[in-house]
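Please go over the structures that come below.
Next come two complexes built around subunit A: one with subunit B, the other with subunit C.
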Partner chain A sequence: MNEVVAFWILSAVAVLGALVAVRKRNLIHGVFALLVFFAGLSGLFLLLLAEFIAAVQVLVYIGAVGVLLLFAIMLTERVAGDDDRRMTSRGWSWGLVMAAAVFVVLLLPPILQLPSPEAAQPIKPSVEELGHKLMNPYVVTLEVLALLLTAALIGAVTAAQGVRMPKEENSPE
Partner chain B sequence: MTLHHYLILAAVLFCVGLMGAFTRRNAIVVLFSVEIMLNAANLNFIAFWRYSDNPALLHGPMFTLFAIAVAAAEVAVGLALVIAVYRHFKTVDLESMDTLREE
Partner chain C sequence: MSLELLIDILIATVPLMLIFATLFAFTTWLERKVLARIQNRRGPNKVGIPCTRISLFGLGQPAADGIKMLFKEDIVPRGADRLFHLLAPILALIPAMLVLCFLPLDFPWVNEDSVKAFLLDGAVIFFFAITGLNTLAVFMAGWASRNKYSLLGGMRAVAQMVSYEIPLVLSAVIVVMMVGSLNAAEIAGEQTGGHWFVFSPWGFAAFVIFFIAALAETNRSPFDLPEAESEIIAGYFTEYSGFKFALFFLGEYIAMFAISGLAVTLFFGGGDGPGLAAAPWLSVVWFLTKIFALIAVMIWLRGTLPRLRVDQLMGFAWKFMLPLSILNILVAGFAWHAEQLDNTFITVITWVISLAVLYGAASGLNQLNRPNVRPREYKYAE
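Moving on, here comes the complex of A and B:
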């Protein structure tokens, strides 16, 4: 029964976090709600016995992506975020209708057609096996991923740096 | 807990992210709505893995691991692009970036 209680609490945390993150006018508050969503999802991964993925979720999303989003907000928009006229309730209700339609028409029918096994079989902790698998069958994927991350790093720096204008260099600051 | 619980939760989270991407006009909020959708997909991978016949193969966690790494790279590049766009237009409002629409 503990698992059931944990599932409902964690899913409530995740859904509420996501809703607040999407709806909050203040961007900084939105990012913190997003971090709550990531934490709830990490708990759900733990509940599904994917302990390494839960740890990665905390490290990568709550740690790196959260800080990155906060810095991007500080570098761009006023902290207060959108002003009132940009979030009319009419636009919001259309978005809600569209999302609900996608849920009911596209997502729900295939889910309900699947068989739903009641009890999952017990599994052993998988971190060690995951490491072995990363080294033996998946090593090429790992290397390509490293290449992708390097390319993303260089690309992000180049894009954020922008084109340096000559007059910018002449200006006193 | 059955598989359906997790799948429906992931679908709900996906739709919340979709709603954010539809309704918000701030580029950063749209970016993290996309992140919410990606995370919902990851939850699906892990749920299917947990309830599969042979979880020892670890296909689910492996795919999720790679998806998280690619998503992290995507966030970095996306935010760099947002900053570059902000420098050009002095705004991150997606509705005001309509240069191609002007005749």
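Moving on, here comes the complex of A and C:
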């Protein structure tokens, strides 16, 4: 019973967050609403006992992506957040079609294939299991990803350093 | 929800909040006293027991401050975003309070079978995930105040916290690697009997990196640029007064306790200490004592070091701490394999080599990062 109540509360938070994120004119408000949506999603993961994914959801999406979005807005001229320009809403019917297509093609088949709650096999998702899986069958993937991320990190540092100008001789004083 | 579960949760969480809120009050007093001592002043020494002349070294000062904060007028700037201005201090406090439950503090009064957050398999990851939310609160405060100094402070805070979170997490990775678990209680349990991680070259290097990054994460001096009062008034909480300001203050100190608690868990063996076999409840005392030792170092540093410049801050994180912590992970990996061999000679060799590598890397990075500045040439003055 507790789980059902928690599920509905978290879902309501997530859906409301997503709606506000889409509808808000104010960009900063929109970003924070998006973060509320992420938080709701993380709670839903927690409800499914996927604690690791819940933590990573908070760490990556709220912590990193959220801050990145805020940074991006800070670098634009709309820092103040209030934007009176009208948003075009002409293509909304196409958006609806795309959303329906995503739902029917990508989401509906797996939902239909789900076993009924009674027939579902109880599994014990644990961080330990995940760690063993990452270290044993998927170690190459993990290493490649780690290498990629390290390269991105070093690349970011190098890019931030900028181009070193060769020193001009006899520079005017 | 059953009543027993509710009572269990309350028994586990309410003392945690009370203890740390009391410690907060005491720490503000201690900090003011110590800073005063460093600067040859007396610090708060008037407030004691009300209606008497007993001053008790000014120990009543935190209570007086609290009452003052409560009754102060709450001012919101006209242009401010009222909702976010209200939410920011709350959002600053909640994550700091929340992560306290991931510290392996084994209170004797908590039911043996009740759920303990620090026994989660991902406790350490949760800790980092939730402390990261503090950044958002700081940004929210800076943006909602509609004040240039606030926004500057918020931006500084975000840039600083994002940069220092990487060395912070990378140095914690070493301990996770050595133990093979993200469970806070297991990490602390691995170090019982004085086998603390800080007593090894890689562990010590990791602790130093962790501690410096923790200072930056909690906006402590010498990394207090987001609230640098000589540059940007008070940074992101310039426009806050009264109880909202108090909430920021409280959140900052609780975050200090929390991150020190994590440092104690990772590097100082959690509640490990003498006399545990006779009295298991001592573990809480030891834990809090170690936290206080770290807090004392933080206060001492605040009284001693001048503030960094923004470019020094960023350069230090990206060009010194980051390479060193990545190298330290490599060293720790080799050391782990060497320890598996269980040979005294090999262990000694590993220690010597890793000490040499870490010291060499640190001094090499130091050399590389020397600013390329020639001595100033005076043209018109001799």
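Assume the second predicted complex is superposed on the first by the 102 of 173 C-alpha atoms of A that agree within 3 Å, B and C clash if a C-alpha of one lies under 4 Å from a C-alpha of the other, contacts with A are read in each partner's own complex, and residues count from 1 in each chain.
The definition used in the following text is that a contact is a pair of C-beta atoms (placed from the backbone, for glycine too) under 8 Å apart; a residue touches a chain by one contact, two chains touch by 3 or more.
Just so we're clear, the structure is a prediction, and the values are computed from it rather than from any experiment.
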Look at A:G155 in the shared chain and tell me whether it touches subunit B only, subunit C only, both, or neither; answer first, second, both or neither.
-> first
Can A:G95 be said to touch subunit B (first), subunit C (second), both, or neither?
-> first
Comparing subunit B and subunit C in the superposed model, the one touching more of subunit A is B
May I ask you to decide whether A:F32 touches subunit B, subunit C, both, or neither, giving the answer as first, second, both or neither?
-> second
Using the superposition on chain A described above, determine whether A:V56 touches subunit B (first), subunit C (second), both, or neither.
-> both
Applying the touch criterion given at the start, work out whether A:L75 contacts subunit B, subunit C, both or neither, answering first, second, both or neither.
-> first
Return first, second, both or neither, reflecting whether A:V67 touches subunit B, subunit C, both chains, or no partner chain.
-> second
Which partner does A:E128 reach: the first (subunit B), the second (subunit C), both, or neither?
-> second
Overlap of subunit B and subunit C contacts on subunit A, residues 52, 56, 64, 71, 81, 126, 153, 157, 160
Residue positions on subunit A within touch of subunit C in the complex are 2, 28-29, 32, 35, 51-52, 55-56, 58-59, 62-64, 66-67, 70-71, 74, 79-81, 126-128, 150, 153, 157, 160
Inside the complex, what are the residues of subunit A that reach subunit B?
-> 3-4, 7, 11, 14-15, 18-19, 21-23, 27, 30-31, 34, 37-38, 41, 44-45, 47-50, 52-53, 56-57, 60-61, 64-65, 68-69, 71-73, 75-77, 81-82, 86-87, 91-92, 94-96, 98-100, 102-103, 107-108, 111-112, 114-118, 120-121, 123-124, 126, 129-130, 133-134, 138, 141, 145, 148-149, 151-153, 155-160, 162
Contact residues on subunit B for subunit A in the complex?
-> 1-9, 11-20, 22-26, 28-29, 31-33, 35-36, 39, 42-43, 46-47, 49-51, 55-56, 58, 60-62, 64-66, 68-70, 72-77, 79-84, 86-87, 92-93, 95
Would you pull the subunit C residues touching subunit A in the complex into a rising list?
-> 1, 81, 84, 120-122, 125-126, 128-130, 132-133, 135-136, 139-140, 143, 146, 151, 155, 158, 162, 165-166, 181-182, 318-319, 322, 326
